Amino acid sequence: MYLADMDMPGMAHAKVLRSPFPHARIVSIDASAARALPGVVCVLTRDEVLADSTIDPYYGYVYRDVPIVAIDKVRHEGDIVAVVVAEDEETAEDALELIDVEYDELASVMDIDAAMAKGAIQVHEVFKPIAPELRPVEGTNICHHSTLAKGDIEQGFREADHIFEDSYSAPAVQHCALELHGCIASVGDDEITVWTNCQSPFPLRGELQRMFNKPARVIVPYVGGGFGSKSRDRLEAVVVAAAKLAGRPVRLLLTQEETFQTFIRPALTCTVRTGVKSDGTIVARHHRFAVDVGAYSISGARSANNTLKVATGPYRIPHVLVECDAVYTNKPPSAPYRGLPTTQHTMAYETQLDRIANELGLDPIELRMKNLLVEGDVHVTGDLLRSVHAKDCLEKVSSSLGPQLKGEAVASNGTIRGRGFSCSIKYTITPSEPTLATEAGVELQEDGLFEIRIGTVNMGQGVDTMAAAIGAEAVGVPIESVRILHSDTALVPQDHGTTASRATFHTGNAVLDAGTKLRAELLSTASDLLEEDEVRLELSAAGVAVAGSSGRSVSFVDIARHRGGSLLAKGECWVGGVYTDESGKEYPIASTFWTFGSVGAEVEVSRETGEIRVLRIAAAANVGKAVNPEQTKAQLEGGVTFDLGPSLFERLVWGDGGQLMTTTLMDYPLPTLHTMPEFHVDLLEFPYDQGPYGANGVGEMGGVMVPAAIINAVYDATGVLFHEVPLTPETVLAGLEATGA
Amino acid sequence: MTRFDYVRPSTVAEAVGLLEAHGDDALAIAGGTATVLLLQKRMLRPELVVDLGGLPGLTGVEQNGGGLRIGALTPIRAIERDAIVRGTHHLLAEAASQVAGVRVRNAATVGGSVCFGEPQTDLPPALLAMNATATIAGSQGSRDVPLEEFFLGPYETAREQGEVLTHLSVPTPVPGSGGCHVKFTMGSPENKPVANVSALVTVDASTRALADVRIVMGAVGGVPMLAHKANDTLKGERPSDALIAQAAVRASEEADPVEDLRGSVWYKRRIIKVLVERALRCAIERAN
Amino acid sequence: MQLELTLNGKTERREIAPHHTLLDVLRDDFNLKGTKGYCHSGVCGACTVLLDGKPISACIMLASQTQGKSITTVEGLAEGENLHPVQRAFVENFGLQCGYCTPGMLLLTVALLEENPEPSKEEIVDYLGGNICRCTGYANILKSVQAAAALVKEASL
């Protein structure tokens, strides 16, 4: 059951009045006619929010910059101005038309360059950073500036025989998770209860408790896809405030158009300057990038900051400087997006690498092999890398696909084929201090079955199967004996969120810990009951038996009864801190795990229309251990097709007035069965010493290398290297004509 | 969603009477695939929706004199699969098979597709290439409008508010004719086309010259457009690669595209050129 | 208005608002939540149902338009505990992840196999091509449809 399928007794329905302007001061709001409409329960505007002294009107985990409803001004088209609560959705929709808002339009900044220009109008006049790592630049739209350095970048460029510099851009896109964002809230005297399809229920609970000064419970039903758009939410506080005012449960479901105004993948620009020796050894890399976080930095600045550590790729480079700017604009707030912005970094450094190979007369695969990180290398972050095998991944995709083609003509109409490759490295969100990131519980219940309790959100990525497999294996019972309880903050232990490929590693480790502890408890209890030494006992589906043919055993039902009805073990996953190697040397942990992989693409390019057909995609990743190989492969395939959209045709377009033009799927095409390439997916299983049974996170690995591989394949086919996505037919044809290719 | 009253008349006369009586406050729908979307978004706000879906005798294809009589309520998918259409009016079946996806084609009707007047769809260019005529019933009786005069502008047709399109008459191409419909979309073929082209040619059996050519371009103007200059370039001539290329260039110059999310004016002209070449080659091959 | 139709094989009558879509009426008036909505513009296919056996988008059809007709939703596929062969094929071949597109994919597959019991890969792509799945990458959906064709054929022998 998804959120939209739920109903609550006495539930009212909300609709949101949204700003038609990208940037405007609100002069006045008159909602009296809306309130007078029969069937309307209440209207929430800035007046009601400000009048309630128990509410903090601003929220945000990174910057406290998001108002529940617009207070002084609106900062993007679609910004929330008022909320109507009515007996049914239609009446609420009718009432929206009766609210009279007077706006004083302001100049707007719709892209990174405009927002960073000298004297640009500020989206936020005051910065309100919460997270300690944030470095806003006062008086500008730059809400975060940061750098990562290793070695001496100037020295590196002096050592180089050749220096290459390229600039790249990728526009905003939307996640298009098919289940629409929504929320039901109920505010009682003592507690707030929220049902929402949010990927991070525990952080959300904390924020709601702070804002409304009341205990909160967050329940996440089954989620119909998130891809990052549901990782930090915009709606819950709005609906809680509306429900508080209404005095009854309130539901808000967005439309697809509204989701496009709520969370988007931000646009990104970057410039990559690379110094290489004549033999192809990379000696210096200066990577500057700017991320358009939109009107509110709900997660944008932190996502940008996190990718400093992977911006230079899976390569061994002695001299590195990475610079990041996160920039406010008058676009909708940005959200994480399946690998963002690792995808864009990969696109930049991997396509530049093919240019370097071409201009130095080197083979692109050999050039990569020469520079790829290996086990025992120290990454730019200072981390000691243990399970890498990036070269094995590249070898795998290269053998699946075969070598490059160099513009092989396949038909008389001027269709040409090419192949391109890319490699990447992905991190997971990791605190610097040792932190208890995820807990889990495994409980033997009175019916003799095992309940696994996790805070991870199930949104189709296979977390239930993963947790069940690990839990059953750890306890030593068949998978049929376990069931999963997840994502109700009142019933399951805490978790930092289902994001950044973290579920298998974090939740898996916590379940493994709990399951191992429970197994010990079961054996010790059985040992008492059977009066046998533990080493002679064996677990089965039914209970614990004495090894051999004696037939003596005790059932799980009896063990549970003996232990007072049930038996619970709690498990933990700690992250952060330092890693100490065998010699006692300490290394920082910038990422709890690093995932390496490769993608190869074979494309067909039409010289007539510029159309690209992606014929084959080979993908390989070092997954450590595939807990469920079929599901892991499906995650990689899904990630690949997902990123074919932004590679080939997806982009959000705003008109001159700052209004979104691509509002529906009729103007915003998505990948379909027609887009699907032939897949060659390989899972490499080189165990990671810290992972559950050696497993790594892999949820975002499929897509991050796709744009780079496609651009390189088009380069191989046509000799034209594109510096942007999407490679729409028009972009490609214009590029071919401009270069005479 | 717009709130409205709903009525499902059971005769054409009743439908005409309702539409006439309610004027601009009434909206006629057939399959509803385009209009219900606009009602949901409150972009159309009629007081009364007149559902023509129950009108008898307006569904199906029959042979009638020198051509086909196609009921306005015939689903597009039925046109695509109809054995008669596929035989004698292959161009029409081919265009029908390219309208959106199978779900839309099952609900959307031929009449609805024509009356909606959307420039980016596939049936109107094919019907125009085949020289179809629309029969429209009104309170004063029926009138026939050649499709060349039917499309007046984007979402604007010769059908008046108090009228109902009852059927389309599509002449059977003379022997030696061949037709072809091609389109170009960004992403999947279900998407709205950047441009589309329907071509119907007749090759003289003895001279191998093109006795007649009707190239129609879609999505590159407010209405589907006959490419007159391209047609004139080809008529009476024996087709060659050079001549086809010349006609395609002429067609791309005649096209009147506007820049939108599907492409710039430059790109749409380029696509028209490619599509006209493809459609002509295919139609000529089929004619032979 | 009074709507009478055959819904998953049974005659049903309900008083409905004449301006509501078939999607809304199925979900809200008949409480059949299996039919999903996303784009509400007939593109994504999440709301696919069968109208007189043929797949249509329930989001761009008024419920009023289905007067006297027959509708099959995903709830009409399984017989009690026994999954429809097409459902079995999707489960066995990992043809779903988050499951939101699945009802539409299932009904489209049922209709395809009814029309064309042995579809080629191209015919499957053509028929299901309009329905959007964001999770699977489609490879396992294609595999599921091919497996479903075999299962349906087996069941009819």
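Each chain carries a letter (A, B and C) given by its place in the written order, and its residues are counted from 1.
Everything that follows uses one rule, which is that contacts are C-beta pairs under 8 Å (C-beta built on N, C-alpha and C of every residue); 3 or more make two chains touch, one makes a residue touch a chain.
The structure displayed is predicted, hence computed values, not measured ones.
Q: So that we know how the chains sit together, what is the shape of their touch graph: line, ring, star, complete or other?
A: Shape = complete; every chain linked to every other.
Q: Looking at every pair of chains, which has the largest contact count?
A: Top-ranked chain pair by contact count is A-C.
Q: Express in whole angstrom the distance between the two chain centres, defined as the mean CA positions of chain A and chain C.
A: 30
Q: Can you work out the whole-Å distance between the CA centroids of chain B and chain C?
A: 29
Q: Give, as an integer number of Å, the spacing between the C-alpha centres of chain B and chain A.
A: 44
Q: Where does chain A touch two or more other chains at once, residue-wise?
A: Where chain A meets two or more other chains at a single residue, that happens at 666, 670-672, 674-675.
Q: Please output the residue numbers of chain B that touch at least 2 other chains, ranges allowed.
A: 1, 3, 188-190
Q: Show the residues in chain C shared as contacts by 2 or more other chains, in ascending order.
A: 40-41, 43, 129-131
Q: Okay, in this complex, where on chain A does chain B touch?
A: Result: residues 90, 93-94, 608-609, 611, 648-649, 653, 661-662, 666-667, 669-672, 674-675, 728-730, 733-734 of chain A touch chain B.
Q: Show which residues of chain B lie in contact with chain C when the two form their complex.
A: Its residues touching chain C are 1-6, 8, 29, 31-34, 36-37, 39-40, 49, 51, 53-54, 77, 100-104, 106-107, 188-190.
Q: Help me check something: in the complex, which residues belonging to chain B touch chain A?
A: Residues in contact with chain A: 1, 3, 42, 184, 186-192, 194, 261, 263-264, 267, 270-271, 274.
Q: Considering only the defined contacts, which chain C positions touch chain A in the complex?
A: 27, 33, 36-41, 43-44, 46, 94, 96-101, 124-125, 128-142
Q: With touch defined as at the start, can you tell me which chain A residues reach chain C in the complex?
A: 1-2, 4-5, 175-180, 222-225, 227, 255-256, 459-462, 630-631, 634, 637-642, 664-666, 670-676, 679, 702
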